[in-house]
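You will see two complexes here that share subunit A, one where it goes with subunit B and one where it goes with subunit C.
Moving on, here comes the complex of A and B:
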């Protein structure tokens, strides 16, 4: 059924169609509508789930972990300060191999208080062992949640489904909400091999000495390495049933592009508008939107860059004292493969500063007029 | 002949069944080990334990071993209560409505870092049994003061010259303010009383809070053979009275004292109080008297 819904509700519908069994959440702007709708769905018995209205995000994640260990499919959603409050437990989720799926609305970190979009909240969680999906429209949000359950539960690795504050979370778009029976066919119930139950008592997460810990982390990485192929495979399976394909990346006019603009999240759709306009003027640019940030789609990126002359990575985030984080990753993907490819790193839009087609035009012009980057990072739209 | 007669008179006041093995890693005379052993006799096999960072995360034994015959979720330090809430919700969603889910935490994990999650679970009245075994300091990390450390005590962060000068947090009052169905104090020196309370708590729906006094010989600088003795004295001198609170209102005193013993002997048996002068001991006695009178008045008021 086609519905006009906001990005936040696309997360809720994804969790509903995925038949989340335990939901624990704490309100934070701009995430609130996700859990408001889910709590209504639970109260109205549209969704057969327990909703635990916890007193903090830390407890939201802790409740999800307990429920997941008991064998239930779990979902939560948060943003910014809430996500970073959970930080300890994000490690717990992946280390405990508990496939929680979480929505995160990208919101800048305080101080000063900001409710507007940037990616420093989720990107500063990159080393916690979560799969990270960055979405660019509401349909993708819904479809990603359903696929994230499948991918996470196969690998026993948690997933974060990420969308920009307001530009996606509060923007209404037409979304095809699939039929429950069809989703049930795609996504079987969560049946983990080992759970916390008196019928088969085990101790989970106890004191683990150097003789065991290393191997547990090795296995986590080995399973994480299976994610790219599994995400592609799951995407194809989903496409067969629902007609929409989601992979690790999305490319637009990259084949013959002299300059590829690398983006993530909703920046991607803005970049595409800029790309089309520049193309009309005869400037050969393309857009690569990185959808899956962890595990990083090394192979995809390298393949797409094969014919590129230049790359500009646009980050709505920064690792202070270093670079934008997508920029770091893109460079590391090319290391040992193409040392001569000039890669420019741009920082823009922090704290919700508008990113418009003219932002990308400026970035494209700056990148095209120079042979190689002359600065470590290039700031766009900042008042110095 | 007389020997035979004696044997016939022996009756067990607690079930013989043991769900705790002898290979655990507790120190000699550990009150926390006794607390678990007695509690499991009352809880039985249909139990899941959520244990945050505390002595018991070590006592149970390192991966891949466990000294208990019930499943354990070793959870994050500040999450005992809500981890239990999550496990309970998860179990119910997969069709298990019977299992008792227990949060089993130390005093640091309860009085300090875990109080937010505990308050949240209690306010929601989540269907969990929360047990705090209280050895009155961060013993696992090497005897640092917690908000459960009593006035006057030495710890490694309250050295003798600056011993703890604030009273122990009144956790029962805090929990009573949440109006949960059941709160009880227990001591490992009164195993039958402890057993009875766990059994009672097990069958109540909602949040149940059990506070168990559990001596720590290394941390208290007490003799390991005095653990049970201290656990009885602390009740008899009314430093740690045994009582229950139902729905935050109805108080019941379980061990009545015709005349409470002075605190002096109890304090003198523990190296952590060795530095206290007569004046400070007199102050502690006054405080115990005052709290005892207050407790008796709460009993009167609720009856």
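Moving on, here comes the complex of A and C:
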């Protein structure tokens, strides 16, 4: 069914169609509508789930972990300050191998107090052992939630489905909402091998000495390494049923591109507009939108860069004292493979400053006129 | 692609108007993107909503800086802000007022159309006399003036999209559509 819905509600519909069984969440701008709609769905019995109101995001994640351990499919959503308050428990989710799926609305970290978009909230959680999906439109948000349940539950690794504040969270777009019966065929119920319930109590996550802990972490990494192939396979299976393939990256005009822009989130959608306009002028530019940041699609990226002459990575985030975080990953992908490929690192759009087609035109022109980057970070649109 | 900017005041249903318009347009298979001003809305303060319409997927997620048309839900805004900012030459200004276009002081390069949406809303008892809810009447007029979609789609979208009084709102949209 075609429906005009906001990005936040695309998350809610994804959780509903995925038949989440326990939802524990705390409201925060710009995420609030996600859980508002889910609580209505629970109250109206459209969704047969236990909705747990909590006093903080830390408790929200704690409730999700308990429910997931008991064998329930579990969903929550948060943003920015809320996500970072969960930080300790994000490690618990992945370390405990609990496949919680969480929506996160990318909102800049305070201070100054901001409700607008950048990626520093989720990217500062990159080493917590969660799979991270970055979305660029509302259809992709809904489809990704459903696939995230499947991928997470196969690997027993939690997933974050991430969208930009306002630019997606509050933007209404036409979305095809799939039929429940069809989604049920794609996504079977969650049946973990090991559960801990009040009727069958066990200790979980207790003291683990040096003789065991190392192996647990080794196994987490080994399973994380299975994610790229699984995400591709799940995407193809979804495409067969619903006509939309997700996968790890989206390529637009990359094949013969002299310059490939590397983007993520909604700016990765806007970049297409700039690429099409530049192509009409005969400038060979392409756009590679990274959809999965963790695990990073190293192999995909290397393959796409095979014929590239130059690469420009655009980050809506910064690792202070270093670079933009997608830039770091892209450089690391090419290490030992192509040392001569010039890779330019741009930072723009922090705290919700708009990223427009002309932002990408400026970036493309700057990258094309230089043989190699002359600065570690090239700032776009900042008043110095 | 058509890009439209809505001007209203917080509490008037300006954002809901853009959502209903998006619903109506999507019913005939077109692509549409609608979003509010990205910020904290306050009752009575100037608010904006934006809408993009196209017959192919819309990839541009940036804000609208050069609208094709503007819709002014609250005429007193004209004294507070420049509602024509960035408006393309030849663009239409659709404004809710009981005045005639020639009584309003807009530059000649724009096409000014006045719609008495407040009168329609009061007649159909939407909101109160002091604070009528004019958004559904506005949507009816905008769809007709800009030839965006069929009246039936608008009425369907209005009935589905308003929190109360679906029939009264649909009648208001219909009357404004027919008068525009």
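Couple of notes before you dig in:
We adopt the following convention: the second predicted complex is superposed on the first by the 378 of 384 C-alpha atoms of A that agree within 3 Å, B and C clash if a C-alpha of one lies under 4 Å from a C-alpha of the other, contacts with A are read in each partner's own complex, and residues count from 1 in each chain.
Methods note: a contact is a pair of C-beta atoms (placed from the backbone, for glycine too) under 8 Å apart; a residue touches a chain by one contact, two chains touch by 3 or more.
Just so it is clear, the structure is predicted and the values come from calculations on it, not from any experiment.
Touch criterion met: A:52 reaches subunit B, while subunit C stays clear of it. In the superposition on chain A, A:244 makes contact with neither subunit B nor subunit C.
Between subunit B and subunit C, B contacts the larger number of subunit A residues.
Once the two complexes are overlaid on chain A, none of the subunit A residues touched by subunit B in the first is touched by subunit C in the second. For subunit A in complex with subunit B, the residues that touch the partner chain are 21-22, 24, 49-50, 52-56, 58-59, 62-72, 74, 88-89, 92, 195-198, 200-209, 212.
Within the complex formed with subunit A, the subunit B residues making contact are 45-48, 50, 57-58, 60-66, 68-76, 78-79, 82-94, 96, 99, 116-117, 119-120, 123-124, 126.
The part of subunit C that touches subunit A in the complex is made up of residues 18-19, 22-23, 26, 31-36, 38-40, 58-63, 65. Partner subunit C is touched in their complex by these residues of subunit A: 2, 4, 115-116, 136, 164-168, 170-174, 266-267, 269-270, 272-273, 352, 354-357.
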